[in-house]
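Note that the chains take the letters A, B and C in the order they are written out, and that residue 1 is the start of every chain.
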Amino acid sequence: MDLSQLPQQIVNGLMLGGVYVMVAVAFTLIIGMLNFLNFTVPALFMLAAVLMWAILEGHGIALDLTAITVLLVLAMMAADRLQHAKLPAPLKTGAALGLAAAACIAVWLVISLKPGDPVFAWLDGAAGKSGRWVVGIAVALFTVAMLSLLIERFTYRYMKAKYGDATEHALPLVSSLGFLIVLEHTVISTWGSDSLTTASPFGHASFTLGPVLFSVPQLISLILSLAIVFGLSIMLRTTKLGRALRSIAERPDTAPLMGVEVGRIVPVVYVIAGLLCAIAGILFTINYTTVDAYVGDTVATVAIAGMVLGGLGNVWGAIIGAMLIGMVEVMSIYAVGATFKKIPIWGLLLMILIVRPTGLFGHTAIGKGKF
Amino acid sequence: MSGYLESQLIILCLNVIYAYGIFLPAASGQLNLGAAGFITIGAYASAYFNMSGAPMYLAIPASMLFCAAIAFVIAFPILRTRGVYMVLATFAFAEVVAGLIINLEFLGAAAGYPVESHADFLVVVPVTILVVLLCFFLMSTRLGLAMRSIHDDEAVATLFGVDVRLAKVAAFTIGAALMSLGGALYGHHYNYIETQSFNVLLSIYILLYVLLGGTQTAWGPLIGAAFFTIVPETLRQIAASSGQEWIADTRFIFFGAIIVLMMVFRPEGLITRTLIDRVAMPFAGGRGGPGGRSGPAPTAKIA
Amino acid sequence: MADNVLSIEGLHKSFGGLKVIDDVGFDVRRGSRTALIGPNGAGKTTVFNLLTGVYPVDAGTMVLDGRDITRVPARDRVIFGMSRSFQNIRLMPHLSTVENVMLGQHARARRLGDLLYPLGLVPGNRWARAAKEALEDAGLDTYPGQVVANLPYGVQKRIEVVRAMVSQPRLLLLDEPAAGLNQIEAQQLLALLEKVSDSGVTLLVVEHDMHFVHNLCDHVAVLNFGRKIFEGTPAQVNEDPQVREAYLGSDTAMAGAAHAS
């Protein structure tokens, strides 16, 4: 083994860990608060990465996906209003059916008319080809935030724990898997399942420091992602929102009694988690320039490992765990080859889950009760 | 039987066997996201025994025993975990298995592994029927009753004398043996295996078949696996024959949307106890309609 | 020595630093109908949970019918002749009435042959028949095949008693059996429990409804803040100054109760 490469490998491990960190924190936020493994995390990561790619490559159809998302969210909001409205039941049913039909027609219109292309052409003209990355970031963030609102409804708000039996906590997990399938196949049916490549909008800027080569976009990404997750963890500690979040995480039953508006807080958590995934996905496209419909699965499995290492529901644990896993991954590829990397990562994980399920820094309350 | 139908029937049978392997622990409240791990072990073990000279009808049971032994050993630590931890632990187990096998040169490593003996549908279909019957039998026994009680309320089941750990380990181990059987049949049917065929997505889909089919009755996995194998394939056929390519492209989007909507409107799965009651199947113990027995109540003392 | 089906001595239990059960001891005479009463938070349900092995005890002994069960695992205690119902109904929601009752038989059917007996495939097998008969005796034969989740509350309460009875206990623990029942349902339950008692089973009942206790029980133990403060007949209970204080409160007791809640 060539030890002179070691510093470079450590730096590469850190860079890779930077991507995992945000995904791991997104997972851990949802697990900590709502106690389920949210498989929409890889889906949102992948969607943001692919949307970023699509805009960079000038695929205006990406905006159609945004439009559909917005339409569905609007329909959901209208449905919520309808539910609380004082109307006779048959009228309500009729209105709900009408709403569903209107939403379907609107989605169909978007699909067949493809209004995204002219809108994109206009945006592209305004931003210029070199400014596409700004449009890409805006579109990816906005779409994912909207989608998070939709996902919140179907993995939390509409779920009812009826008996509290052993597999009931699987309901949101299964819903999130449904979303994963929907989003992956939306991308596949739009752009195919092959690798999608683009050129980095920032070229190959890099500098060397001693024996180590730093890629500038990667370094910026790492700093950015760490700044975001650190900022988030400080926010969780200090702000009123953060206190509300922690009170829900620790006592979901009594939090409402203490004046915490769970119904308002939970969507915020989904949007925060979604935006973390989206930023990670956007950075992934910019840095690694190759994405596909399954890119989220690969990243998320490693991020899950990092989260478990740090302890479920623990934001700092997820940060450190994800960095460590990024390091272990790069090191084991470097030391013994790429096919071997699964054994140290998952073996370690299995051991931790069995021997010390709270992870390095976690606490026991999470993951055992009901959602 | 046409080649096409035959190949679809094989896929259906394998999915049904896998589904029952996940169903048994799920019926007792354990979510196992490690199907791919047990399937991989079964496929490789049977292929290896077969390569080493054992005939197929010995290699497959041997692989089941081997896999059951592994499952039995890991069941004790894994079943100490609950909820999301159990999901993660089984998932990690499957990844470790895949990671190990891809590094074992004598099992072909990344190049895949050829399998000698062939199992055609005349083997696969009867075995599948046996598996289904076995699971119906198991769920009708007192062990099945204990498993369903554990699913509903572990603490109370304990207080009535149910050995919760034994029942859970039994369900987990028998399930693993079934999945290994499915994996072995997969290998012997296609005569070639590689770890990539048994990935996370396979584990996820099998768990979905079971949860969407319903974990309350032995009908659940059968209907779940059948529904979610046949419907997408039929849609693909319709798309191909009608020239409407968009059906084939978007069928999985609808599949995913159905899953999401089901969790809201029918969270207990397609097949529930109440549904079975309504179609009045004579399974599950001591059934009789309201007022099924008439005449004066016997005067015997309680119990 | 009197013929006691259950003797508890020096029972202690703390959760964290909080003493929930503090040196509790009492005997339950064979064939008696003993009530365990006390204000909210007195530790009545905790005594049940210690008896059935839900929690391990910190100190003390529990002797059931001559056998020390203090260290016996929870799932084996039912074999020694003790069975219980729960404060909040804990029937298995996805099982039918008969299946729930058959779960109660589990303690008597733990051999491999019994475990693998296909209850559901043999119509009219002896287990199902026994379960149905037990339900009929309790006047619940109208609901054998129904999933219990949809049954009325009072019916579910009685099914719990039947489920506990089919394990053939010598001592039946009932945790607030009458709570949440209307008058008619309470009457039906009372009739059922009297029948159970007449068949020779000893009852130990945690109950808030003193009217129900007076109607059913012949012996009363009173807990307050984890201590036994009184033992005697239902008639004596009302006279005892300590019990009156525990329920109605003196100034100090009120302050303590407010603190505890």
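Here is the rule we use: a contact is a pair of C-beta atoms (placed from the backbone, for glycine too) under 8 Å apart; a residue touches a chain by one contact, two chains touch by 3 or more.
Remember, it's a predicted structure, so these values are computed and weren't measured experimentally.
Ranking every chain by how far its Cα centroid lies from the centroid of chain B, the top place goes to C.
Here the chain at the heart of the shown protein, by mean C-alpha position, is B. Centroids of chain A and chain B (each the mean of its C-alpha atoms) stand 30 Å apart. Between the CA-based centres of chain A and chain C the separation comes to 50 Å, rounded to the whole angstrom.
With centres set at the average Cα position, the gap from chain B to chain C is 39 Å. Residue positions of chain A with contacts to 2 or more other chains are 162-163, 165. In chain C, 93-94 are the positions where the chain touches two or more neighbouring chains simultaneously.
In chain B, the positions touching at least two other chains are 151-153. Those residues of chain C that touch chain B in the complex are listed here as 52-54, 74-79, 83-84, 86, 90, 92-96, 98-99, 102-104, 106-107, 109-110, 114-121, 123-125, 127-134, 136-139, 141-147, 150, 162-163, 165-168, 195-196, 199.
Put simply, chain A touches chain B in their complex at residues 31, 35-37, 39, 154, 158-160, 162-163, 165-175, 177-186, 188-189, 297, 301, 304-305, 308, 312, 339-343, 345-347, 349-350, 353-354, 357, 367-369. Within the complex, the chain B residues that touch chain C are 137, 139-146, 148-149, 151-153, 155-164, 216, 273-274, 277, 282-293, 297-298, 300-303.
On chain B, the positions that touch chain A within their shared complex are 26, 28-31, 77-78, 80-85, 87-89, 91-93, 95-96, 98-100, 102-103, 109-110, 150-154, 200-201, 204, 208, 211-212, 215, 246, 249-250, 252-253, 255-260, 263-264, 267.
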